[in-house]
Amino acid sequence: MPVIVDEKTKLIVQGITGYQGNYHSKAMREFGTDVVAGVTPGKGGQKVNAIPVFDFVAEAVEATGANTSCIFVPAPACKDAALEAIDAGVKTVVIITEHLPVLDAIHIVAVARGRGVTVIGPNCPGVASPGKAKVGILPTKIFRKGDVGVVSKSGTLTYEIVNAITESRMGQSTCVGIGGDRVSGTSFVEVLALFEKDRQTKRIVLVGEIGGTAEEEAAEYIKKNVSKPMVAYIAGRTAPPGKRMGHAGAIIARGRGTAESKVKALEAAGARVAKLPTEVPTLLEEL
Amino acid sequence: MKLFEYYAKGILARHGIPVPEGFVVSSPDQIRSVRGPVMVKAQVLMGGRGKAGGIRPADSVEDARKAASAILDLNISGYIAKEVLVERRLDVAKELYLGMTIDRSRKCLLMMASASGGMDIESVPEGEILMLPIDPLIGYQDYIGRKVVGFLGVAKERAAHVEDICRRLCELVLREDAELAEINPLVITKDGRVVAGDAKITIDSDALFRHREYDSLKEDLTPLEEKAKRLDIAFVQLDGNIGVIANGAGLTMATLDSLNTYGGKAGVFLDLGGTDDPEKVKNAMLLMHEANPKVILLNIFGGITKCDTVAKGVLEAIEGQRAKIPIVARIKGVNEEIARTMLKDAGLIPASGLSEAAELASKESARVV
Amino acid sequence: MPVIVDEKTKLIVQGITGYQGNYHSKAMREFGTDVVAGVTPGKGGQKVNAIPVFDFVAEAVEATGANTSCIFVPAPACKDAALEAIDAGVKTVVIITEHLPVLDAIHIVAVARGRGVTVIGPNCPGVASPGKAKVGILPTKIFRKGDVGVVSKSGTLTYEIVNAITESRMGQSTCVGIGGDRVSGTSFVEVLALFEKDRQTKRIVLVGEIGGTAEEEAAEYIKKNVSKPMVAYIAGRTAPPGKRMGHAGAIIARGRGTAESKVKALEAAGARVAKLPTEVPTLLEEL
Amino acid sequence: MKLFEYYAKGILARHGIPVPEGFVVSSPDQIRSVRGPVMVKAQVLMGGRGKAGGIRPADSVEDARKAASAILDLNISGYIAKEVLVERRLDVAKELYLGMTIDRSRKCLLMMASASGGMDIESVPEGEILMLPIDPLIGYQDYIGRKVVGFLGVAKERAAHVEDICRRLCELVLREDAELAEINPLVITKDGRVVAGDAKITIDSDALFRHREYDSLKEDLTPLEEKAKRLDIAFVQLDGNIGVIANGAGLTMATLDSLNTYGGKAGVFLDLGGTDDPEKVKNAMLLMHEANPKVILLNIFGGITKCDTVAKGVLEAIEGQRAKIPIVARIKGVNEEIARTMLKDAGLIPASGLSEAAELASKESARVV
């Protein structure tokens, strides 16, 4: 049971001729990902890092049998790119693009659900499974193959924690950055379900943030469905309420969405909750 | 992007939702004539303007000018209205609440309605609010409006009108990329009309690229917030004296949490986001200097944002500064070695991990004070 | 494996207070269908034929556990009714309403697919499984329990053929009237797949019409997937091309959609094709 | 409901798709002025008007009047134009085809494009037509237009324009409930503009309830077809002498097929549809009489349409008829016994089954002739 990506991942990079698409298509290939094609409208026929570029996703899928797409295109073109990928039959779409309008995210996610497609993101660092494949922008160096499944709303904070795990001589089975936007294709719950089934994953780390109620919903799910031991960290414990901290909109309503509410729910569900990111490896070792 | 009441009402009107007749002025003498009883309303984005005296009735031009003059002098939770809306006073029979927002869990739009209109929806008991998720594939359909009307107990003769407003509000949200649209109160007047008494609309700032009409609007921002916005930097002023710069909201918050452990208090939250432009880093540093913290804590985990890019920007920024603020720098990730070499002689206080950086910055801030 | 309806069908009738809804809710109950609720906006709290009426489908589902809806509301309100039923969690929707705008049908069918809901119709007579349940307007008297599965685009022509089968002392397992509109929720192919799996069904009758290519697609499917013996009849063999015959739009393009094309395809797929409806029982006996 | 070219072009223009400037007249003297070279085009719904002389160039008012006069006298496949469209002649560099229709199999809209514009799309080889299904949940997205532009080989400087037309055409279909919308040819002019040279739009007649603007339009119908339409009856005139009335399109066609077996030939196809109104049955019978067949074959399988309702309507209709046309009646289904009793003494020829009815009607029609 793979967690979103594995050796069978055949990847298209949408926006491959852009700076990020170019840079990360190379990085992903070096990680071991089977990057089979790039797509940039109007640039069909070119090559980037020896990867063939197509004008349309459908062409790339037909020519290469790709099953996954990683999207680097700018926000105004992102909805079009994601829907094109879904329409072309891709089964997993990882959207790196940030600042996607929330109504576009809603539309993409709804269509994906209807078509049985997995969307990760938007505004996420992607997914990495050391020794198998990486789809996204997570730094290659911080990973080490192991048994810790990491799921996180955050980008760089995920790197911090993954790095801390690796430095403590543990490793990751798969790390999924689900993104911190208001509407994400995949929530904690879906990833936890995959980790629970994944044989390689023995322990799970959940990295949340203040705002929204996704962590509380995850706690509900953990209580009923997750048997593997868990460590969690919630960023923003000391953030003043009512202030909007970057993408993590701290619109804290009716007592839900606060760090306290999240920590309490996760602890009640049996997870050890770290006060600081640097505590995560220590707690993992204590499990 | 939050819109002022008068602007939000203009959008409602454009989408066929009735609003009271009215006009906006920025000084009392711009009020030339007033037909019948009116309300004079402070145009500020903060709630609670009514209690603060920001909404006053008037029955003549003189009255209205006096009210406007008083309102334009008011300090409403730190904000001073630059404009007032003068609009026909409604003969209220009933006040309802109708709103739309994003349902993060269900990943869709949510229509909300309550018979307890006129007060902050947050303070209405949950049982008195109808929440209807709108399936994005289904879209708004008549049964949604019928459910709202049924829940609110709207009289039969006005049901079609309220249903129509529900449909139009949903269209408005989709067409205008509103992430919040509230009509509170939705007034039923004594003569049986249904009119938006107040309106709050927040446009999704990520969608402004397809709504150029909002470019000319100004938000109620402090000068530093204004600058941060132009730089596309998340910037929040807080109570402490340590300026925190990190990349990514989660990492920046985690840095705040770490500071807290060591007794340090953040005075600025500055999330660089993902950037590979030294110019942006430089401008962020200059902005931070303007906010005048005692210590700067720079915490970078390089990915999209490469460490050497940050180093370049930081060097350029501190070069021209007269008053040298101590900078604790923790730089990790892509190209960290290059960055370390670049910053070696710049007088920064290096830290190898997040905890160490937080500890150093906290100590430094205590020392400087 | 039930074919769309069976003893577990718990039915809501949308538009129950109208003349047809009232009449057929009674007829369906007499057939043996478990009609648990009716829905008519504004008429909640009433009873029709001792069946409780609700204002909303969601209320009716919550109160009764209904899993199927039969829609009798007029065309202008039909899209709303069908989407309300799908949104309320009903798993099968049978739309009797005729003259539904084609774009409404497209929208309903697309949403149903996304939600995993089966839609029969619009403009169809419904589904009947003698001894189990009937959802729709097919006349009760013509049925007899048996082993012939009938699937048809037509309404009254279906009755004609079902009646002929019954008069020849055979009977039906299930009869599905899929409707003859340009866009239908369920096509021949889906029903054939159900008949193939249904143990009660031993023989299959397919009733088609000129126009469209659904019969040709059915023939393709039969060739590959249907092992049970089949009889088919195509109405409109003698209809002049280019004329639009009622709902069966004879927009016959590029040689497809003609009676000849359909007959040929079905015969090539191994079905016996009757020249007249009255021949169907004879051919069934010869199988 | 098929629309005349000028009306269809009006709809295109309303949706922002460029069309040539022009005006419609119903007599030559209504042409007052003509700016530059024009085309005068017969407004008929039949294809092939060009070959029939229904499209003529003109360069002056006199020319245009002459052309209009000639066209208004023409018989184009049985139809005579009542109006002509006078529009600016296009300087054609290239003719493309762009259309939208319903994809029955995929249950969605289908966008079609071809570089072989200007001819009937049915006669263009399939390999030269791009067919793009539009997923209803996804809707029109930019990649659709890009695919069209790529397939057509549109020059880069006009690509955005053609993509824009694709998007607008899709919007038009959704907003207007068009079941067919064709721009053929879509003209690229020598000066690089993209203009709809001709337009065919068919509005879904089932959706007319939400498009009241079409109520006033007239279709090219014979007087009997006009009546049938008002009665909501499917009515088709054929070559034979037997008038077939049945309920349901499938059953009516099966009745035609059965007649054919016995040598009978249908002269009228009349599908009553589902009705429980004796008045409608009566009117259908009267309409059938007007079509003047030699024999009427009535084949009813009662369900929604109850047999006694049909009997009642038939009795009322034949009561007042002077010339008695033989009526073979086969009535089966709900309340058939009541119907049989009612019709016993009306002089109808009863039949018990479809085959028997077809045989009797065929014999009767042979006898009468």
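A, B, C and D label the chains in the order they appear, each numbered from 1.
Definition applied: a contact is a pair of C-beta atoms (placed from the backbone, for glycine too) under 8 Å apart; a residue touches a chain by one contact, two chains touch by 3 or more.
In this text, all values refer to a predicted model and were calculated from it rather than measured experimentally.
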| item | value |
| --- | --- |
| Common touching chains of chain D and chain A | C |
| Result of counting contacting C-beta pairs for A-C and C-D, higher pair | C-D |
| Rounded Å distance between chain B and chain D, as computed from the means of their C-alpha atoms | 55 |
| Separation of mean Cα positions, chain D and chain C [Å, integer] | 27 |
| Chain A and chain C, separation of their C-alpha mean positions in angstrom | 44 |
| Centroid spacing, where centroids are CA-atom means, of chain B and chain C in whole angstrom | 53 |
| Contacts with 2+ other chains: residues of chain B | 135, 137 |
| Two or more partner chains touched - positions in chain C | 110-111, 114-115 |
| Touch-based graph of the chains, sorted into line, ring, star, complete or other | other |
| Interchain contacts, given as pairs of chains that touch | A-B, A-C, A-D, B-C, C-D |
| Residues of chain D defined as touching chain A within the complex | 135, 137-138, 141-143, 146-147, 150 |
| Contact set on chain C toward chain D in their complex | 19-20, 75-76, 98-107, 109-111, 114, 125, 137-139, 142, 152-160, 163, 180, 182-184, 187, 207, 209-210, 212-214, 217, 233, 235-240, 243-248, 253-254, 275-278 |
| For the chain A and chain C complex, residues of the former touching the latter | 110-111, 113-115 |
| For the chain A and chain D complex, residues of the former touching the latter | 41, 55-57, 77, 79-81, 83-84, 86-87, 110-111, 114-115 |
| Chain A-facing residues of chain B, complex | 102, 104-105, 107-109, 122, 126, 135-137, 173-174, 177, 179, 204, 206-207, 209-210, 234, 236, 238-239, 246-254, 256-261, 266, 269, 271, 273-274, 276, 301-305, 332-334, 353-355 |
